[in-house]
Amino acid sequence: MKRHIITVGILIGLVILVVVAVEVANVRLFVRIAINLCIMLVLVLGLQVFMGNSGILSFAHIGFMGVGAYTSAMLTIPLQMRGMALPDLYPVLANVLLSPYITIIMGGLVAAAVAAAISYPLMRLSDAAAVITSFALLVVLHTIMLHWSEVTNGPRTLFGIPKVTNLYLAATVAAVAIVAALAFKESRLGILVRATRDDEVAAAAMGANIPNLRWIAFIISALFAGIGGALWGHFITSFSPKAFYLKETFVILGMLVIGGPRTVTGAVFGVFIVTIAFEALRALEGMINQAQIFSEQVAGVTEIVLALAMIAVLVFRPGGLLTTREIGDMIVHGRNKRGEK
Amino acid sequence: MVGLIQFIIDFLSLGGAYALMALGLVIVYGILKLVNFAYGELIMVAGYTLYLVGGTGMPWIFMAIIAILMSVLFGILTDYVAFRPVRAKSVTAVLITSFAFSTLLQNGALLFISPRPRNIPLPDIFTETIEIAGVITPIRNLLTIATAVISLSLFTWLMRRTVIGIAMRAAATHFTMARMLGVPANLIITSAFAISGLLAGIVSMFWLGRIGAVTPGIGLEPLLIAFIATVIGGMRSLQGAVLGGFLLAFIDTGLNYTLPQDLLKFRDAFTFSLVILILLWRPEGLLKGPASGQRT
Amino acid sequence: MIKVSNLQAGYGAVRAVRGVSLTLGKGELVTVLGANGAGKSSLMLTIAGALKPTGGQVFFDGKDVTGATPERMVRLGLAMVPETRDVFPDLTVAENLRLGAYIRRKQVDAVQADLEKMYEIFPRLKEREHQAGGTLSGGEQQMLVIARAMMSDPKVLLLDEPSLGLAPNLVDQIFEMILELKATGLSILLVEQNASKALQIADRAYVLRLGEIAAEGTAAEISEASDLHAMYLGG
């Protein structure tokens, strides 16, 4: 138990550190970066809950982020703007206006409900078939967002979403996500799911109902994604379905893979490392563009670096930077070792 | 009657392109049981090569050959960068590295060329039309059909008559057994990637020829098409992939002719839901591949 | 021809082969006996290079080949017929055989001559020359994999349970054929569950139990050992 408290303490400490640093520096750009980081934490920890524990790659996560974002947006856009922002919205919903704090949670619940409704049969599959179906699921969710004009305004940008996500809200949710992801991992359920990852046959032989276990993990994972998406929507205030597709999938996957999908600490570190690297590279890109060294805008450097880093990590350190042990385990273990001497 | 001929030409030219795309994906999947997410980018590579050699003034056919060779080269590069270093580690790792390699290539094009579409040189014949039995159709469509027939015949010959082809078919069912007969694993896998690149390169000429330009994201649609076609056709059978390609083209062309516009836009959602349902029902794809032969 | 010393191998945490040492002389027919799960097949796969050893050594013709790839082992002159048979189901019989001669694909005439020879020994395969391997009966598949292995012109043949699941008259045929192959000077390592049959034709025998050698000796000695069944069952 003590090691878990240390893990949670350090990880939440990191988040608090970011908040304090940003408050002290008081630079608007840094605030944006910090909020983004906290939202990424929620999303990546959500992916960790499913992918890290079950060992199955899921491409669909960002799709559930979209579900959460649209759910919350649909119910919170001010009524006087509703007609313009969502001209085709169903009459039943046209006059429903709820508090964003409620709808952010609803966003998570709707995403979880969608995941629960469609994913059970998918959990039987493994290896390539599982990945292709999750990829297909992302395409389906994306296509629906792109064309269900009644609730998404189609491929056009949806605007007028009230800005509620500030640094404190984002950081609080991120902290909750850290605790929840670790609690799931160490729960009886989480341990069983991890057993199916390490040895499917042995876990089945012990009577574990593998599809059931994975299904629950997947639903919880979608809950995180939905809440993260809703938070993001109330931060960015206007977005289109493009925001929930392969590019974003690549980023969260990169964060998790680099940090180490099997541990909560890895997921958190991955978000921090990639965010810092990304922002540094983006600043560099910006400087190059401003100096007009090249005739065209420089773009894509961040993705190239992330892609190379992902490949390098998978080749040289397949489990990510933090492979199997949480930071708390390492500290407790390290201390015990010293004690023995 | 005119409508029918029109439909048949549309269907066959689209089907030919789809079949080649699917075949390029399944040749690798069959042997490694791994999806190459960077497959669509091979088409992009061929397109940008065409664009880059466009100003040289050489005959188009040479430009096309260079473009196809680049696609083959990048196919092999995919193996060396994304597959070989992690192949032995885990399925998930390879899928992620191939996804990362896809992003790498896309953003490479974005960075070194441009995010905006670039026109590619095309021979005049691509834009001309011809009248057959009262139907006016682009010559490009007929060329696509002819090229598909030739490519598929060549491919069949390669797989049936050459030792390396036979070895590849063998490796698709029992990889270790093929190695225990002396077939080198790396040679087989690299050959599969080379053939994959060759097919992508060939199909890219016609695929990009329809659009006339290339963008960094151009590879996504061919990848998705190849996905659906192979899932429909059976992921381990080469004939199945070809059949799946034509079947998908038939569905697509049919829907284009029949579905009202506002439902048509959900076509991808329908076809991908179909993909999920098929995989749930038969994880190996709709048509059965060769029996695994794991009898005792 | 083959010398294995203190070989260890396994799958993940499962240690299937735990320090096995054995030898196979030139022209010798040696059988490895043991119950299900004794590690016989893992031992064969490890020698053939399909399973990486975690310890110990394998020598082929005096050369250390520990951890060599299966491709290399074939080129050195080792052919393997695995328990799973692994006929390539969608390749025709002729293609299966042709692939067996992969390492000799440049010697067109010699390969053709060997192919004719195989068809002579196994007329059934000649009849089914253009049929897909997957459509053959169990016995025909067994003939095909043995013929396919012989197409590489090996010095050593590893046979893993060639009689498994075959009708008794077929089993007799297979064993007769093994003797014929031995007569040509081939060294054969034979894994069998059918101990009495294997001991009738073998020169020497090893008994494997739980991944370790429980007994070894000439075929006659092992046959006479009254505790053979006990060794099998681990009593």
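First chain written, first letter: the chains are A, B and C, and each begins at residue 1.
Criterion: a contact is a pair of C-beta atoms (placed from the backbone, for glycine too) under 8 Å apart; a residue touches a chain by one contact, two chains touch by 3 or more.
Not measured: the values here are computed from a predicted model.
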When B-C and A-B are ranked by contacting C-beta pairs, first place goes to A-B
Most remote chain w.r.t. Chain A, using mean C-alpha positions, is C
Per-chain CA centroid nearest to the all-protein CA mean:
B
Per the C-alpha means, the centres of chain A and chain C lie apart by a whole-Å value of 53
Could you put a whole-Å number on the gap between the CA centroids of chain B and chain C?
41
Using mean C-alpha positions as chain centres, tell me how far chain A is from chain B in Å, no decimals.
32
Spell out the part of chain B that touches chain A in their complex, as residue ranges.
29, 33-35, 81-82, 85-86, 89-93, 95-97, 99-101, 103-104, 106-108, 110-111, 114-115, 216, 220, 224, 227, 231, 235, 265-266, 268-269, 272-273, 275-276, 279-280, 283
Given the complex, residues on chain A that touch chain B span 55-57, 121-122, 124-125, 127-129, 131-133, 135-137, 139-140, 143-144, 146-147, 246-247, 250, 253-254, 257, 296-301, 303-304, 306-308, 310-311, 314-315, 318
Interfacial residue positions of chain C with respect to chain B in the complex
48-50, 69-71, 73-75, 79-80, 82-91, 95-96, 98-100, 102-103, 105, 133-134, 138, 141, 148-149, 152, 164-165
Residue numbers of chain B touching chain C in their complex, please.
163, 166-167, 169-170, 173-174, 176-185, 290-296
